[in-house]
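Across the two complexes that follow, chain A remains constant while its partner is chain B and subsequently chain C.
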Partner chain A sequence: MSGAVKISRELIDVKLEASSNATNPVIKFIAIIAIAVYYFMITDLYRMYLLIFAILIYYNFKALPYQVAKPKYRFLIIFSLLIVIVQLAASRQGDLVFFLIPKIFNLGPFFPIYQKGLFYAILFVGRFWGVITISWVFIDSTNPFDFAQSLTNLKVPYRLAYSLSLALRFTPVLNNEITVIRNAQQTRGLNSTPNSIKGTYNLLKFTLFPIISSTLNRIKDITLSMEGRAFGLYVDRTPLKEMPLQILDIIQLFVLILLLMLLLMF
Partner chain B sequence: MKDINFQYSDSQPKIISNVNLKINKGEFIVITGRSGSGKSTLALILSGFIPHLIGGTYTGEVIYQGIETRSLTLGEISQLVGLVHQDPENQIVTSNVLEEVAFGPENLNLPKEEILERISLCLSATNLDELISRGTNELSGGEKQRVALASLLAMGGSVLILDEPTSYLDIVNRAQVLKTLQKLNLSQNMTIIVIDHQPEIYKDLLTRLIVLEKGSIIGDYYAEEIDYTPYQVSVNSLKKIRILPPNNSIDNILQTDEYSVFLKNTKILSDISLKINSGLIYGIIGRNGSGKTTFANSLLNLHTNKGKMSIFGKNTAKKPTHEIAKDCGLIFQNPNHQIFEQTVKKEILFAPSNLNLDSELTDEKIHQLLVDSSLEQYKNSPPFGLSFGEKRRLTVISIDVYSPSILILDEPFIGQDRYNFEFILKILQKRKENGLTSVIISHRKELFNLVDRFIIFDQGHLIGEGNPREVLPIIKSKHLYPIMEEI
Partner chain C sequence: MNDGSRKPKEISDSIGGSPSHIPWIRPDLVKHKKKEPYFQTSDLVIIALFSSLGGIFSTFIGYLANLLNSLIGIPFGGGQILAGLHIFWLVFIFLLTDRKVGVTFSAGVLKGFVEFFTGNAHGLLVILLSSSQGLIIELVLILFLSTKRNSIVAIAAGFAGLSNVLLQQILFFNSQIPFTFLAMIGIISFISGMTLGGIFPISIFFGFKQASLLQWRKPKSISPRYARNIKTIRISIIVIILLAEFSLIAFLVLQHKNSIQITGEVYNPYTFYVSDFPHITIEAELTSEYFPQPPRNYTGVPLHVILEHAQPKFQFYGILLKARAPDLYSVMFNSTVVDNNDKFIIALVDGVLRLIASEYHGTYWIYDIGTIEVTTIAF
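And then the complex of A and B:
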């Protein structure tokens, strides 16, 4: 074995050793599900928002290894507003808290806000933010192919496991493509912040075609790349990284579930 | 290859027609020809994707070492031959270098020890040992190209096909890739087949040049017989444009002062102070990752910036992109990103209509543009169905149609044959004659006889601005061009 080849081999061993010490992605996935379930079981708004806040702080200040771009909060805020409007309009239970539009002279008041409506609006927004933020942490801290391998260890067929991991791998890529296309629209004189329904319709219309074209091209290229390297040739494949379930992973999961149960009970 | 014929569908003409070709082990072959001549399709046939994965009417035989590829599965063919695509970015599947090189051998279900052995050998052969822990999104263009090469080498095949392997690369990265190919060809006796519009890049490596036209082989030359002139843009046609005197030249139509650009809060460009005049052709050059594209995008406020930036003396720092676009057009590297409409004719009208400039456009002018760009026959066809070269011509005319005072073209020559190159030259000539400014970002050597002035970036800094002769020492010292006889 030549000197250079020997060096490569040592570097590979170091790299494999480092990745075997990371938390098993399946355990991480179960933990995420457990936290999401917790969000749907509790109605204590203080605890819920405290947990969301803690996760947001962790997410924004910890450099997660697979993070490609910080998410835009605008979409979350708009969607949250929609949830609030629907809940406030739909629920008329509980005490009347206030009117959104107070009585002015002989007009009004309009849009009564009831206690239950307000409560459900804040609860559902919390659940929505909770699930989204915890999924950000999972996506940005997990190597998609380690996740696929750990699923394969649990007897999930590797073709299925890799389809899932490819979706994770290319989510940020697609996000980036959308940004490029939005930029391209503006360089061709299209207003990216239209203030009319027609403008918004045009913006969506002129995003759809390039995104479809770009996604189809990407799928074609990745298919050629994978098939051109014998993906799916055999029923089994040899994983370089084993990603076995370790005792420490199971202990971590157990502690988390115990903690969540305690939080639910007390 | 014996009597190969292929057409993608019955409604389309034959893309490959009666191709017969014999390639010996250890040859280094370059396949060239105009855009749409069938080069990439031939690569797909040689690598087994046609007929195994891509549909169409296919007849003939491809035989590797006595085995006809139709009797093999695609996975089996992948152990004989590998195809590296034009843009390696689109070929990379996994998140880091080690996983990418391991991906193929893992699929072959080889013993772990053999996988490790293959990875070690391939990383060494492509000089990637140091990059083993790197994320694939952290690699430069040249590094990605070498990772793509290593990942195919790990399949254990003896034939490598590369589709324009150096088109995205600067001169240093290109030299690295060529050196790797030479090493594989000479020391490992690998057969290398390269598809490129610029065969002269490989003149020290190739053993044969094959020329395709309309899907058929029209030339097959050994190294000593090759005349590279037909594949090169003539120096005179470039100089003819450069010597045109500036028409009604206005100074400082675009100016930046202590201008910095940020991407995700990281400073990418620092303290750029630059003045651009009207009626000239500028070339922006620099190594991969030096900030050329970032600078171009930032001029239209697509990135966060600080400092002064003005067009025609008006501060544009806070102006929205769609308003700056009226004075400053930008053509992206990838034409697929800049096509929006459902027909070619509507696409030409897209920007003028957004900018309320469509009333100035007559049917005759649009017709003339379509004729000049050889797109007339497609005027009612969807632009997404055009070839890469046709899309490039369409994106160029779709912005040039409203004659912005400044036109920035980001790598307009990638994947373009001589015909498309000369089409872009005509646009540049017309713009110069009309006193309009053009700015080209490119690694192509032709720039040195074409542009009036160079703007040189290095690691996020402007390190030079001036006519080609003035900046020659910088170009030499930074290895931006294999100097010098063309200048």
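And then the complex of A and C:
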């Protein structure tokens, strides 16, 4: 064995070892579903928000700084406000807590806030934040291609799992193509930046047809290429990287579900 | 190549019919050849790439929805006008893949995963929302027993648009939201789904069908085995839906609006019907900051009579009155307050059973009561 081959072989071994040490992505996915279900079952606000804050602190210190995640927070805050407004306006049961607009001279008070409405608002916002933050942690800690591969290892037909890989692999390519089309439109004076109604409308209207045509052409090339390589001819497909399901992963998942059940019961 | 010397016929026999023009395939590496798949390779590529494109466009649609919401001034509802654009891709994929059963659901799941992994702000929920849209289209097409008629496809897309509102209502909102408001949003979503998600992709598809872009693809007819399986699945789903519907009707009939379950620490748990007991009339005033009502007469059954019929196990007990699901609002009284007190009655007000608690604040006048539970904790 030559030196170069030996080094590359060692590198592959190191990568395989690293991937085998990480938790199986499918197990991780099941774990976040379990946590999401927990958020939808729990009515104890303290426990719920404690878990959310713990995940948020972890996310901001370990994964992404606040500036990077700012657009995500913006959406989260807007949707949370919507939930709060709807719950406070709709629920009129329980004790009156306060008036949103107090009595000023002879006017008011307006918008009474009831105990039940306040509770529902905090509960539903917690649910929403809980699901979103746990999703962030999963996305930042998981390679999507590993996820698709581990599906194959769990006996999901590789033709289907490969579709996920294919879709994810072509997302940046198609995104880039949209940018190229938009740049071409902008050089001709068309406003297609999505920061105004007209711009977004133009983007959808004038970008849709070219991108569909281009994607259809691309589909033809990929299909012919795949069929030329006899894709899907056999039951098994040799993966580049093995993502085996380990006993430790199952134990971790079992412990997590047990913990969540205990938290629900006590 | 140890197998290179073998004749093509021998290789073909040993590996279960692998192509004889690939003589270098080693039989020990190949278990057996895959049967004719349901989804052709081109179907899979169409689903994958258009799902990916759908995922990218959903981000832009989200921008536009937010802009519309801010323009209208209502944070919820304006964006539903564009709900159909999310379904556009599912229907377009369905048409491109020769209207195969199972395509929209697969595309929905895949689109959801693409959006999830590309950091959609809805997180895990986007998979649920997108998959359910695909599933609804499948179910409607199965129920109508037609995947060929464009009008049915457009209606299915309309229902898929509606599913978005329903799921968000189930997950993040409760039954307190006025029905008229929900119905209005639902109608907007349905129309959006039908037009932007149904008619729009159909017209675009026929535009592209005329062009040479789709000519290269020659769809194969589904094998009889798959056709049989689809028929079985279709019949099973129809049977399941019918059974579910009958069960729901039976449940609603059993859970009669004018009845209350008396449960808990009693010797005689029973279902209370307001017509089974003698009525009394009392005068009461509803005091509330928001909806006060002047004194008026209410006719109903005293609460202590209802409880006496159930025969509580203890002399002193708690009485927990719970509203029907999904509200589950509850109020609690001590038995010492209710015993022999005709100021607490259960009355039928506007078709709903309500507690009239005279001299108590309006928040105790719990309406749409589902259960009265006798508890050991008296306070």
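One rule holds in what follows: the second predicted complex is superposed on the first by the 179 of 266 C-alpha atoms of A that agree within 3 Å, B and C clash if a C-alpha of one lies under 4 Å from a C-alpha of the other, contacts with A are read in each partner's own complex, and residues count from 1 in each chain.
What we mean here is this: contacts are C-beta pairs under 8 Å (C-beta built on N, C-alpha and C of every residue); 3 or more make two chains touch, one makes a residue touch a chain.
In this text, all values refer to a predicted model and were calculated from it rather than measured experimentally.
Contact with chain B, but none with chain C, is seen for A:181 once the two complexes are overlaid on the shared chain.
Within the superposed three-chain model, A:213 lies in touch with chain B and with chain C [touch as defined at top]. Between chain B and chain C, C contacts the larger number of chain A residues.
By the touch criterion defined above, A:164 lies against chain C but remains apart from chain B after alignment on the C-alpha atoms of chain A. Of the two partner chains placed around the shared chain by superposition, chain B and chain C are both touched by A:227. Of the two partner chains placed by superposition, only chain C is touched by A:136; chain B is not.
By the document's definition of touching, of the two partners only chain B reaches A:239; chain C does not. With both structures placed on the common chain, the touch criterion links A:36 to chain C but leaves chain B unconnected. After overlaying the two complexes on the shared chain, residue contacts for A:191 are found with chain B alone; chain C is out of touch.
Contacts of A:153 after superposition on the shared chain: neither chain B nor chain C is touched.
With the contact threshold set out at the top, residues 144, 166, 209, 213, 217-218, 222-223, 226-227, 230-234, 236 of chain A are in contact with chain B in one structure and with chain C in the other. Contacts from chain A toward chain C in the complex involve residues 32-33, 36, 40, 71-72, 75-76, 78-79, 81-83, 85-87, 90-96, 112, 114, 116-117, 120, 124, 127-128, 131-136, 138-139, 144, 147, 159-160, 162-164, 166-168, 170-171, 174-175, 178, 194-197, 200-201, 203-204, 208-209, 211-213, 215-220, 222-223, 226-227, 230-236.
Those residues of chain B whose C-beta lies close enough to touch chain A in the complex are 47, 49, 52-53, 73-76, 78-79, 82-83, 85, 90-96, 98-99, 102-112, 115-116, 119-121, 123-124, 129, 132-133, 135, 137, 151-152, 155, 264, 297, 300, 302, 320-322, 325-326, 329-330, 332, 336-342, 350-352, 354-355, 384, 398-399. Residues 1-2, 4-9, 11-12, 15-16, 65-66, 68-70, 143-145, 166, 169, 177, 180-181, 183-193, 206, 209-210, 213-214, 217-218, 221-234, 236-240 of chain A are the ones that touch chain B when the two sit in their complex.
Within the complex formed with chain A, the residues of chain C that make contact are 18-19, 22, 30-34, 37, 39, 41-42, 44-53, 55-57, 60-61, 63-64, 66-68, 71, 75-76, 85, 92, 106, 110, 113-114, 116-119, 121-125, 171-174, 176-178, 204, 208, 213-214, 216-217, 289-291, 327, 329, 363, 366.
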